[in-house]
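Below you'll find the structures, each written out as structure tokens.
Two complexes are shown next, each including subunit A; its partner changes from subunit B in the first to subunit C in the second.
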Partner chain A sequence: MSPAVKRTLVVASLIFVAAIFGGRGEAKISLEKCTICHGKSEFRKVLVDGKVRNLYVTQTSLMGSVHGKKGCVDCHFDVMEIPHRQRPKKVTCTHCHYKGNPEGAPQSDVYLEYFKSIHGQKIAQGNDKAPLCQDCHGSHDIKHTKVPGSKVSKENVAETCGACHMKIYANFASSIHGVKAAEGNLDAPSCPDCHGEHNIYQHLDPKSTVYATHVPVQCSKCHASVALMSKYGIDAEPAETYKESFHGVASKFGAKSVANCASCHGTHDIRPPEDPLSMVNPQNVPKTCGQCHPGANANFAAGKMHIDASKREAGIVYYVAAFFKYLTITTMLALIVHIFLDLYGRTRRFKEGK
Partner chain B sequence: MDLKEKGYEDHIDEEVERELDQLSNDLTKDDRDRLREVVRERVHSEMRKEAERLREERASELKKKVREEKKKLEKKEKEEEEYFIRFNKNFRFQHMVMFTACFLLIFTGLPLKFPDFFISQILMTIFGGVQGSTLIHRIGAILLIYFMVHHFFYCIFSKDGRRDFIKLIPVPKDARDLVINVRHFIGKNPERPKFDRFSYIEKFDYWAVYWGCVIMIGSGLLLWFEEITMKYIPKYWVDIAKEAHSDEALLATLAIVIWHFYNVHFNPDRFPGSLMWWHGKISKHEMIEEHPLEYERLMREREEQEKSVEVETK
Partner chain C sequence: MRVFEFDEEREKERYVEIMPIFFRVQHLILMITVGVLFLSGFTVLFHQTRASELLVAMEGGVEVRGLLHRSAAVVLLFLVLYHLYYILFSREGREEFQKLKLKKKDIADFIGVLRFSLRLSDVYPELDRYSYKEKFQYWGVNTGLLIMILSGFILWFETASMQLFPKWVLDIVLIIHGYEGMIVFIILLFWHLYNVHCSPGNFPMNRVWITGKVDRELYSRDRRGYTGKK
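Then we have the complex of A and B:
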């Protein structure tokens, strides 16, 4: 081997090694470089309005999150030099999160629903109080929904939403759904189970999952399931009987002023009927019905609410229904027999040529 | 036989003989005989065939003429046939108000009972959604209540109303008529029962409307003014009213569509329906057929009247 060739080989292999380690080294260096400043626990910035912005980030900040293998500049890609002169821009998650991305992010387009949602609309209108991805999902500590400690897990999501929707959170937290969800019960609904995840709309928007005529559908997702309801000793029939009631039928045909589940049972503060604070506790029924039926009194609470006339439990209504059932059957049978006998007689006489 | 006497001027036989001679003068005698034989046979068969065809043609023409004459006669007869006024103007008006009300109520009410039925959605849209159909249902309700009140006063203050109401009260004869009619249907009784002004079928229709109106208007008012209702009576009465309203609605609709429509529209005698509800007239023929007792009575009354007129004029 000539020295020239040797030299070339050495240089080539050095470049190769440098390319391999160099790449990694750069990321590492970048992270290390970042933590030169951000790794100091007292690293923070006092904002104009007096609020303190904590800027403390360590090498372990991303560990355990779904982005554990990413580095700082993977998301803060507008940081070109260190120390950066300008404040880095807000992280744009859609940089990686889109269908067909090569980064290994989930191949899904559901995030796009966010842009049409009320939150996305408000952001587009320039409302800086509206939430971005990181406001719900967290910034460095993003975890999968099903992982405990995730900001959007069953037990935590209500609190996450409640950061902005405080009054509603207070209502929800003490409701039967809120109590069970906070216990980590996966059957219990939390905010997204009714309102949707990314496709959240105002309840007056017909696209909303909790639009007046969609409420029964939402509640029925769980409350119509006998298997699920029997686990908690709850009757699954009301979902069905509501549909047959005037309220339910009118709602099906698009009436918005008619009562849906939430009108009587409450929206966020749903409680079991035994609870004296429940809107459907017999003592509170007059007030609840009175929302739509002015002057409602104790008579409104006298009698069952969700009635299935075909069941004996319906009491007197069952007997009324049974009376009409047999009256209809016998009357119509007699009339139809009379008609057929008449037709039979006619055909017979016709054949005989009379 | 002199052909001239029958009016024929030419002689077919001579003509044929002449032509045969000309055509066959170069043939042998045997061949000539054969030719003559063939011609004779053909002429005979053609003659018979043609004569038969002509005879048939005349016959069918005659038949057609007779049929047309008959039709004309029937039409004339029908036009000249005597009519009786079965339903007076007031009664016809009541019936029209009632069936308008019923159609409005059925079309806006039944979709609520069968919300999943595909026609229900269409009907709801036609009548302007829940709000529109509620309004129309209540207009129908007002019409039906008006009909009920109108009929009540008609039965008390009108002479025809009083007579009809009394005639409509069920009597033991109606049960006997039913038995006779059923026996007639199954061929055990050659005669139909002789009905008076109202047959048991019509009486059933009438009292079914009574029952239906009482249930529907009663429960309907409780539901219409549910807030006032529940000021005085507990909620379960409203539930009963709702159940009764919904169930009786179905029964009434079935009775109208199946029973009443069969008797006045789809019954082979009446198909596709009589216009009696519009003009109130009944033909003499139908009167004798359907209401013989009433017809006999009317005839008796007429005779007596004529006699009394005669006596007066004398």
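Then we have the complex of A and C:
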């Protein structure tokens, strides 16, 4: 046996022994040791810019969160000795959160969407203001989306997004969707319902769920549902009639300049038409239409916008459409009958030489 | 066996030109513009079908489709204006137009042909150069064109229209524009294309729109009221 092979065998057997006798628990630093320092309520660090970083963590910090059974070093695995000399690195959630993980984290790869999203892209470009997982989900207090108190729950998620998107949050909070979502109404949409969760893109990116031509699809998710809309006394028809309108057809075929739902109803500041601040309040209609149709006057507000010509409620439009429908059918039938008559007549003339 | 001898004089005699080049060019422009208008228009009218998705891709997107539709409409409009000028201000045109006026005889002819086809009578009416068939098509398409041009302009300049009319007027105009286009298409398909392509004696195609000429004998059999001489 050559010395090199011998050395390899010795190292291999040592690793084997270490694997048997060195259980995982023993290699870990226990929670108690961390709280010697971090358990003091005044444990904090004053940063260079004067901000205070609170470093107070107790044994109960993780309790009630989805990571209740985890210890400090399960996430802060770069802490190898206590006290640690360097500031621990930012926690990498994908250490456990990937499909096929043995740690008991949900078996999902949905987080991968984040890396392609605008937030992930900005992080990759070195923008340290862009959010990481913990910026939206929280750090020690991560809860399931559906648990009240979660940073990404229906009633809280807008505020979480608003931490960075302040202006938009202010707009949204007073909109009908924002008001209802803040009440915890699960039917009302909050930011991720339209923009996506991990797959958030800028609205000018064709991959975005709120890209101009995708907007009608997003709104229709709720507004085309009669069951859902009738709960709130909202007409579900406009979602359908829009598709039949000139705006809708052009949007479907990929026209970006044409009006989609948000062009008229607003984006974050959507309000019921009765609200004087609503973009579709008759008083504001000329201004709203005027965005694309310069010179729009009060006449634009006259009459119903969303109509279905195939329904009697459409009034004169219905009757005109019905008249033309039957006129078309009659013309076609008459001409087809004429063809058969003419075929017979011409044959007769050729035969009889007339 | 009979040997076919080509006799130039007899050939000249055999055919009579009923559609001078000037009309054939107009017919060609009409055919192309109306074809483009149908294709680009039906793309929107039948937007929920797969075919229209294909068409819109062929037409280069929905914006180009609109441009195509309006360009063809403008060419067609000039053709219509020229035609109006022709029938109003040229001597030939005025005379030709007189023959296209609807008369009581046209209704009688139409009923006569129907009766003949139904074996209710044995007499085939004597038809003129412009029979009820040509007149039905001429006036049918004219009415259609007038409606299409008017409604088309209302829809083209939608902001100005919306300033003047309430929205339901535009809704109606959009419906009329769609259905009227459909009706013109149906007339062309089941009337015109049948008459010039599929009817006995004309299959597979009456070449008058290319050569301008028809067989004098065959033609006079069809139009006993027309001698081919002015």
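In this text, the second predicted complex is superposed on the first by the 313 of 354 C-alpha atoms of A that agree within 3 Å, B and C clash if a C-alpha of one lies under 4 Å from a C-alpha of the other, contacts with A are read in each partner's own complex, and residues count from 1 in each chain.
The rule is short, and it goes like this: a contact is a pair of C-beta atoms (placed from the backbone, for glycine too) under 8 Å apart; a residue touches a chain by one contact, two chains touch by 3 or more.
Remember, it's a predicted structure, so these values are computed and weren't measured experimentally.
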item	value
Subunit C versus subunit B on the shared subunit A, clash or fit after superposition	clash
Partner chain in contact with A:P294 - subunit B first, subunit C second, else both or neither	both
Touching partner for A:A250 - first (subunit B), second (subunit C), both, neither	both
First, second, both or neither for A:I307, with subunit B first and subunit C second	both
Contacts of A:L327 with subunit B and subunit C, given as first, second, both or neither	both
First (subunit B), second (subunit C), both or neither touched by A:R348	both
Set of subunit A residues, in rising order, touched by both subunit B and subunit C	246, 249-250, 252-255, 293-297, 299-300, 302-304, 307, 309, 314-317, 320-321, 324-325, 327-328, 331-332, 335-336, 338-339, 341-346, 348
In the complex with subunit A, residue positions of subunit B that touch it	111-112, 115, 121, 124, 129-131, 182, 184-187, 226-227, 230-236, 238-240, 242-244, 247-248, 250-251, 254-255, 258-259, 262, 267-268
Interfacial residue positions of subunit A with respect to subunit B in the complex	243, 246, 249-250, 252-255, 258, 293-297, 299-304, 307, 309, 314-317, 320-321, 324-325, 327-328, 331-332, 335-336, 338-339, 341-346, 348
Complex contact set, residues of subunit A against subunit C	246, 249-250, 252-255, 257, 289, 293-297, 299-300, 302-305, 307, 309, 314-317, 320-321, 324-325, 327-328, 331-332, 335-336, 338-339, 341-350, 354
Subunit C - residues contacting subunit A, complex	44, 47, 53, 56, 61-63, 65, 113-114, 116-119, 122, 124, 158-160, 162-168, 171-172, 174-176, 179-180, 182-183, 186-187, 190-191, 194, 198-201
